[in-house]
Amino acid sequence: MRPSGRAPDEMRAITIETGFTKHAEGSCLISFGDTRVLCTASVEERIPPWLRGKGEGWVTGEYSMLPRSTHTRSSREAARGKQSGRTQEIQRLIGRSLRAVVDLKKLGERQITLDCDVIQADGGTRTASISGAWIALRLAVNGLMQSGDIKEDPITGQVAAISCGIYNGTPVLDLDYPEDSSAEADANFVLIEGGQIAEVQATAEGATYDEEGLLRLLRLARIGCDGIFAKQLEATK
Amino acid sequence: MRPSGRAPDEMRAITIETGFTKHAEGSCLISFGDTRVLCTASVEERIPPWLRGKGEGWVTGEYSMLPRSTHTRSSREAARGKQSGRTQEIQRLIGRSLRAVVDLKKLGERQITLDCDVIQADGGTRTASISGAWIALRLAVNGLMQSGDIKEDPITGQVAAISCGIYNGTPVLDLDYPEDSSAEADANFVLIEGGQIAEVQATAEGATYDEEGLLRLLRLARIGCDGIFAKQLEATK
Amino acid sequence: MRPSGRAPDEMRAITIETGFTKHAEGSCLISFGDTRVLCTASVEERIPPWLRGKGEGWVTGEYSMLPRSTHTRSSREAARGKQSGRTQEIQRLIGRSLRAVVDLKKLGERQITLDCDVIQADGGTRTASISGAWIALRLAVNGLMQSGDIKEDPITGQVAAISCGIYNGTPVLDLDYPEDSSAEADANFVLIEGGQIAEVQATAEGATYDEEGLLRLLRLARIGCDGIFAKQLEATK
Amino acid sequence: MRPSGRAPDEMRAITIETGFTKHAEGSCLISFGDTRVLCTASVEERIPPWLRGKGEGWVTGEYSMLPRSTHTRSSREAARGKQSGRTQEIQRLIGRSLRAVVDLKKLGERQITLDCDVIQADGGTRTASISGAWIALRLAVNGLMQSGDIKEDPITGQVAAISCGIYNGTPVLDLDYPEDSSAEADANFVLIEGGQIAEVQATAEGATYDEEGLLRLLRLARIGCDGIFAKQLEATK
Amino acid sequence: MRPSGRAPDEMRAITIETGFTKHAEGSCLISFGDTRVLCTASVEERIPPWLRGKGEGWVTGEYSMLPRSTHTRSSREAARGKQSGRTQEIQRLIGRSLRAVVDLKKLGERQITLDCDVIQADGGTRTASISGAWIALRLAVNGLMQSGDIKEDPITGQVAAISCGIYNGTPVLDLDYPEDSSAEADANFVLIEGGQIAEVQATAEGATYDEEGLLRLLRLARIGCDGIFAKQLEATK
Amino acid sequence: MRPSGRAPDEMRAITIETGFTKHAEGSCLISFGDTRVLCTASVEERIPPWLRGKGEGWVTGEYSMLPRSTHTRSSREAARGKQSGRTQEIQRLIGRSLRAVVDLKKLGERQITLDCDVIQADGGTRTASISGAWIALRLAVNGLMQSGDIKEDPITGQVAAISCGIYNGTPVLDLDYPEDSSAEADANFVLIEGGQIAEVQATAEGATYDEEGLLRLLRLARIGCDGIFAKQLEATK
């Protein structure tokens, strides 16, 4: 039995509030149960130095948890003077995941930064971030197309992410914090609408799993992402 | 005429949503018009080293702006590796302002950190932070009193803050961003319910003002803070 | 009674030694009693990136306390790897205060940095810094005018600063360290020769004051600054 | 055709030189073709603060590339003042991978740090690091058992890692640098002797793969790791 | 001919003003011509962690140049966030030099920090720092002996330092800035009263010298240090 | 008697393995007994900003010890976020020493960085670094001459370094770690083939030495460097 009483293949309720902040070119507050992340897309007419003159754009991600998004307060990374390894790992994952569905040539020489700030954490903050970042990106690109700054849609598909894990011996979908902190194995899947895999990060600290276990988690992830894809479409229509 | 069409002594609409996050001992999302700040109070049963053994507690503040809370994206302080002078100045102001209404002996040997994270900025973020931080603090202390951890209320009064300035030659209350960026003079007042002044920060970059001008701003600030005091009471009842 | 035996409206002795260092374009060692600050003005023919092409110059301030300027030794900020919030707050105040009396257009595309290094501290280091920095600035600008680099005087007036506070219930002028560390309230005023106010920073940690109290401190500050203005003129003649 | 002329399921030559440095409790220089990594295991009789009093030990990893291990010189992270996100990600992966085969209770209250310093890079530095770190760990633990400091072997099995990818449409084993820099997809597998999976990191920047593709890479990884397991045994006999 | 017109073995005028700051346990402003350094000795009743329980004290040095002590302004190390290699090298030299004449057992479990802050630089700041630091140390230790905190004098002798160099082919004593910046070779000698050598740092960037050249510089240094030893005695009588 | 049984003027065995890494333009692994340092020379077609437009090149050095090159593990400077004073001091020494034998005009507008990474430490790491760096530099410059990028040899001679010290009252050559940690005095000499001195760093922490002692160490250093010069020639033929 899962602590929340959910079925093994049952997601938490997803809610999406688009346009949560007025300055960003695209934004949403996405919730997976009690996990809430503010995702904003910022368009800037400049690109990183190493891309200059290539006629391409760039999509990157940043991630942070508010100090009291967690059960006990964490100190601010800005006060400590550096971002943790975990933060940097997640930022890189967000950027790669979104770039998997963007044609950087069609984006043109501009950068879109996806800021994912965790307002409240209850497990799955990185996967909610990716899923919400796609919405913010979609809204920002819609704006660029309406203004005529971009002629052809650079977004090639939808991307979403979900965590799965083995909890008390059972593969379960969309771990919340109580499950996450005692799961035997934990995997994050970034999937693309239509069946392709963008990224798998399967970690088994303490435990391990076999090929069959990995596949069962992947199949749960497909169920989860199909639900997210539908929510993303609805939110950006 | 003010850009917003407000009268010189007219505040923006204030809304307060308490309990905005579930982990913090006290929290609210406070809005002054389009300026929105998430304020959380975190209680920790430890005190700074220099206070040990004095039988006193501590109240401190931290402040940050989300990267896209502003018109154009600002880089993250955590990524730059240090907090700006402005951030540190505001953090110190938040802490001092709240300590002005707390009896640290009655608080006991614990620390309350007031995190003020700006979700959306449209002028007056530091004054909204102080005004909202009092609410988060009040809620957290209520909890400590209900649980019996604190016997006697350490909060000695209400504190609120507001900005005033001289815009096109006229003293006006509660500057929004368009006013703030072109005001001749700008002052932040931290006032205590009942008429006392906790802090004045009056800055006249480029311009200056005389004694009479300072007093007129102070009187506008009283009007503004009276409105905030009423909202604070209502929100924490 | 004040610890020093001074009357409530009595300043400490001010001494000013101009030309204290030979490399700076302007310099002085200013003393307010035992508080001694070395102020230097450095002229550089370059401006901050955000000012380029605007035909304007810039005036900025930096501040530091020597490690043993204080009763007990403080560690060096350079060794700790960052400047404290207090240092940054004071640096920003010095810069704003001096810019209040400089026409940046007339200064031309150059930057003047006012370095204020506290040799010995006994209360009022930031106000002595501002008062001395004006002298260093005046001397440096005199040099630029004599060499013909500047045609029209960019300095529009004198600026000086003084601290006042409420000590044992009495408003007093020019707090020394014993007063500063036990005053109920403490305010720094930056005034402009002729009666205008450039900046007020009135802080009441623990205590508070009312409108009447603020005005009494402001009037003391006027007395103090009038004395500093006279000393400044004498030193730069 | 692979640039090196290898068959799709053909590893590069692996050589292992144990005892490469005399101070470390365990060490080896491991080569996968031209990729060479110095792995050392350092035993310290202290544990991280958060583990104190739990009767457990800790195993952690650190990783660095010498500045000229790469085709063009990279600046030193020590000179830049911080470790990159990539470095931190790899360090965390090394630590998790080794902990997957260590019973921390049996290790006792001590820490073993596995330093992996890349002498020469030609693709696959993180997987060579993990594979070599196991050897250094095995040698260090052997020493602790011979000296009687540890009674029961805390190492529960062998762990090794290998990269696979899709190169010109074909799944290939053990990517070298020319393959790595143009592969459509790239996955690192950390496997445990006997068939279990400790970690999968499958990334498809630009491209994607389906379930079948992932499985084919996993099967190649099994072939590769079986070869490494044999080399590890031989080196530590 | 030397730019200053001095004879090859002629020092610049040395002046020493003891008690330059009131808080430090020992202090002086030492001048070698236009080079002026404020040296303070701070006594603290604590020792570095690695010395605890050994019944010994510690003597250490710190060094900094005020931003405008030099011909053109240098940025503050505190603002840049780290001390330069040159600063750290000089700090280490000051500490070693002073420890060469202190019996750390007799000092007892306390630390004396010698802060050397360069007010004005004209060549030879590190040697003036060492020579002045001895005076500050002597005065501080005198105080500890008068108060009875130390029974037996821990200072075993005098230490002084001077720079020498080869300028236009001639060995010269006590280089000033114009000489220092064009000398073929440059050496700093730290000597102990009575003839012993504590430290030699002879550097020949661009040029080189032979054994005879080194000895001639050493002999000049002896002449210089004998003069400094006399000044030190006079100042601390 | 020396712990190693060597005669006072006896060096440890020197071995040099050139071409140790394939990417660097020049490289060697140099051993002085158990001290082993990897030296690489990296040629870059860019120069530091302050050299631009002068028609000169630059030669610089960097130094690091692998965390477990020492008896007990040292933490990584990259993890601590800054290089120690000792590291910076050695880096500066390596750069100066090599520049003593390079005509920067003939080098042309390019930079050669000499990275010295200590694989195993047993005393004398900085002197082995300098001696090995010359070999890496020589090999890199040979390449530049063969490719025709440089017409005239910019290397004006050989440079080598060795440590000497007074151990149990006897001057000895090439200190190993057991000697280094208990020597009364310790000096590093950087000598140029043909008899000139490039640098002397003689330090006597705790002890001191006289002129005669310094000369005896210098003569030992000549013996040592003559041996190194021969090895350098042999390795680069």
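Labels A, B, C, D, E and F are assigned to the chains in the order they are written; within every chain, residues are numbered from 1.
As a working rule, a contact is a pair of C-beta atoms (placed from the backbone, for glycine too) under 8 Å apart; a residue touches a chain by one contact, two chains touch by 3 or more.
Protein names from UniProt, one per chain: A, B, C, D, E, F = Ribonuclease PH.
Keep in mind that this is a model prediction, so the values were computed, not measured.
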| item | value |
| --- | --- |
| Those chains which touch chain F (Ribonuclease PH) and also touch chain A (Ribonuclease PH) | D |
| Repeat of interface A-B, chosen from B-C, A-D or C-E - more than half of residue-number contact pairs shared | C-E |
| Identity of the chain that, by mean CA position, is farthest from chain D (Ribonuclease PH) | C |
| Classification of the chain B (Ribonuclease PH):chain C (Ribonuclease PH) interface as same or different, half of numbers criterion | same |
| Inter-chain centre distance, chain A (Ribonuclease PH) versus chain C (Ribonuclease PH) - centres from mean C-alpha coordinates, in Å | 50 |
| Euclidean distance of C-alpha centroids - chain A (Ribonuclease PH) vs chain E (Ribonuclease PH), Å | 59 |
| Sequence positions of chain B (Ribonuclease PH) contacting 2 or more other chains | 81-83 |
| Overall pattern in which the protein chains touch one another (line/ring/star/complete/other) | ring |
| Ring walk, chain A (Ribonuclease PH) to chain D (Ribonuclease PH) and onward | A, D, F, E, C, B |
| List of chain B (Ribonuclease PH) residues in touch with chain A (Ribonuclease PH) within their complex | 21-24, 27, 34, 38, 40, 42, 44, 62, 64, 66-73, 76-79, 81-83, 87, 113, 115, 117, 119-121 |
| Chain D (Ribonuclease PH)-touching residues of chain A (Ribonuclease PH), taken from the complex the two chains share | 82-86, 88-89, 91-92, 96, 99-100, 187, 192, 195-206, 208-211, 213-215, 218 |
